[in-house]
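Got a structure for you, questions after.
Chain lettering (A, B and C) follows the sequence in which the chains are written, and residue indices restart at 1 in each chain.
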Amino acid sequence: MAVRLAWGLALAFAISSPFWMSGYHLYQFSQVLIYAIALLGLNLLTGYNGQLSLGHGAFFAIGGYGAAILIVKFGLPFWLAIPIASAVCFVAGFLFGFPALRFGGLYLALATFALAVAAPQLLAFKGIDFLTGGSQGLQVPKPGALLGLPMTTDQSVFWLCLIAAVALFVIAGNLVRGRFGRALVAIRDHPIAAESMGVNAALYKTICFGVSALYAGVAGGLDAVAVGFVSPESFGLALSLAFLVGIVVGGLASIGGVLFGALFIEFVPNYADQLTVYFGENAKALPGAVYGLLMILMMAAAPMGIAGLLRSLARASGLRSQ
Amino acid sequence: MSAILAARGLKAFYGQIEALHGVDFEVEEGGVTALLGANGAGKTTTLRAISAMIRREGNLEFRGKRMTARAPEDVARLGVAHVPDGRGTFTDLTVEENLRLGAYVRRDRAAVKADFQRIFGYFPRLAERIHQQAGTLSGGEQQMLAISRALLLKPSLLLLDEPSFGLAPLVVAEIFRILRAINESEGVSILIVEQNANLALDLATRAYLLETGRVVVGGAASAIRADDSVRRAYLGY
Amino acid sequence: MVELFHQLASGLALGGVYAITALALVMIFQATQLVNFAQGEMAMFSTYIAWWLMQNGWDYWQAFGVTVVFSFVGGVVIERVVVRPFAQAPVLASVIVFIGLSFIFNALAGFFFGYSVQSFDTPFDGRPWFGNKFMSAHESGSVVVSLVVLALVFAFFRFTPLGLAMRAAAQNPASARLVGVRVGWMLALGWGLAAAIGAVAGMMAAPIVYLDPNMMGGILLYAFAGAVLGGIDNPWGAVFGGFTVGIAENLLGAYVVGEEVKLSVALIIIIGVLVAKPSGLFGRRIVARV
């Protein structure tokens, strides 16, 4: 009940916001939605299935660059480019998840870490700069008004992100509540028992990797369109780790939690930036410090993140969740 | 009889599960005390509780003083050596390194050196294999190594968990002969856990019989051995 | 030909840094089955301490010594305060905590020392007998320092009672405790040692890659690649892997893939090894603590 109410309020807030929010704030909330989609993907993989990825920024980058290239070099409209790029991400994730099966949790973390660190260099690689624009990146045209309705670019970007987010949240919610989700959790918690009950763990894990990468790809594609620009430097380790921070803060294995995580990784660096006024340039260090402290404290005190805290709060106050 | 170790209402836990439900026993100073019982009776658990390897409650007195040590390393430093279930070999280290670890807490280097020689006297085979990787020793050799490692602590109390396990009869006889020598000539008190009751009662001066975490009978080894009903009901021979 | 030797030689210099960093990683792995993702940022922070001391007029080797000691103590404290509480936690939680730690050190360095790139002194300049045709003075000096560190570490583990106790604690903690080894402290010491080694690695790398809060990202990745290549549970393997990766990085960077995508060499090595031979060249087994 409380959960339904919260979702309803969030949706109402989101739908109303284009009508009263300034362009810049709307842009920020578009970013929140984009991050939320990426976090959702990562949480499916890491939270629900227990596969740790430190490299989801790379899949985000594939989505972003894929969409940008299709739009700029092939002249596709964004509503075709983003799904195609996301499908590519699914395949990339599936292929990466395949060898990942062979190595346990820690090794997957190592491999994805390597992916995250190497991604910017690979994106800037000279051999493909006719497509990617090399270290310069690519300028992506922003979408005009949707359906011929009178709206600003920021507004159309926001609607686009909102529609995608709602659809992807509903899909993810249904996924985790159904057979697929139960299998993911079973594989995470009782890998041997799950196998012996006939769950094809390998298949589920690779599909989960693919779906997770697909979500990151959609987010990356939307990001390219929203920002109007892709460049190698924006898809480094920092982005991948920010995603990890997001799901940890929001709550591992929580669908709603990723909204908190997304708000967090969008606004904490933003506010910290404003603090440079008081603390000078070095205040750039603040988000990192907050991220780091929170990650450790969360693991110690609230491993289920903000979503988990709210859940126990609701339980304590007698409200039934679900 | 004076006791080097006395347990009163000793309980022990694996997580929340109570595995030892308040046992009383005494280990004779300078003697050999045997703990007997069927599989799962709680013999290993009792030794683990003494060494503080698991959570325990109740009273343990060591040499007349309440044993407050809360960690295995502190119990070892009191002079209680424990040859654990499964021998506890450092399989990747050499025989020599295993032995040096036995004397890890000692600072009397000259005496340690002498003890090495004395132990090689008991177990010449270890001397021959001094540079061999311990994991490649045979089961019997590993048992000898485990006992030697424990002796190098220069313990006043030696806890032995099934020293005969998995060994050929000849090797078992050899090991028990040496244990008797250690007990008699060096005055080391021994608390020994054994499946093989016959063997243990030969060596022991006192014995206790455990059943599902409780002591059912205790007393002089000769008395236990003589008691036909105990023998039939619990020792099965 | 001279150019080839030159590339080989510079590979050796950074290879030494990777080798000792990989060794530090393996030490922690052997004891805990975990990889310290904060190893790089801890080393970077240590390097800043040395830099700061030198800015304040300290002599190089004084600053070096104090930094190593400071890092050792810091490593011990971190293990006791931050790492210890998660000893029983799942891998996921531990890795998240390590990432958190690396965020914190990165932020601390940025906050106290700023984000601009600094040059870092080398003690080997102006001493021609360290320089030669293929290597700069610093490069050859740094290879020597790496080798000295390796020798010291191996001697410590091989010949001292404390080193033996640490190996015992890593291998069979229950048994180690029964002979009186304080296993908890051994872990803390391991972290101290790893941090001290990291400090040396950072100080050797800084004159080459320059000092800034993100200087260790690439180095840590190469060290990971080295450790994985050699076998993450084998110290000798890690050292071999570290040097190999250093040389491979330089040669492939110069002649095959190009300087700008050198990091992908590490990526390819890591994934290649994990796919083809997950235990690495000299590793014993792959420990799946899922």
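Just so we're on the same page, contacts are C-beta pairs under 8 Å (C-beta built on N, C-alpha and C of every residue); 3 or more make two chains touch, one makes a residue touch a chain.
Since the model is a prediction, treat every value here as computed from it, not as a measurement.
If each chain is drawn as a node and touching chains are joined, the picture is a simple open line. Ranked by C-beta contact pairs, the top pair of chains is A-C. Farthest from chain C, judged by the mean position of CA atoms in each chain, is B. Taking the mean of all protein C-alpha atoms as the reference point, the chain centroid lying nearest to it belongs to C.
With centres defined as mean CA coordinates, chain B is found 58 Å away from chain A. Taking each chain's centre as the mean of its C-alpha atoms, chain A lies 31 Å from chain C. Mean C-alpha position of chain B lies 43 Å from that of chain C. The part of chain C that touches chain B in the complex is made up of residues 161, 164-165, 167-168, 171-172, 174-183. By the touch rule above, chain B contacts chain C in their complex via residues 51, 53, 71-73, 76-77, 81-82, 84, 88-93, 97, 100-102, 104-105, 149, 153. Every residue of chain C that touches chain A in the complex is listed here, in rising order: 33-35, 37, 82, 85-86, 89, 91-93, 95-97, 99-112, 114-115, 217-218, 221, 224-225, 228, 258, 260-264, 266-267, 270-271, 274-275, 278, 286-290.
Touching chain C in their complex are the following residues of chain A: 46, 50, 52, 54, 99, 102-107, 109-111, 113-115, 117-118, 121-122, 124-126, 191, 237, 241, 244-245, 248, 252, 281-289, 291-296, 299-300, 303.
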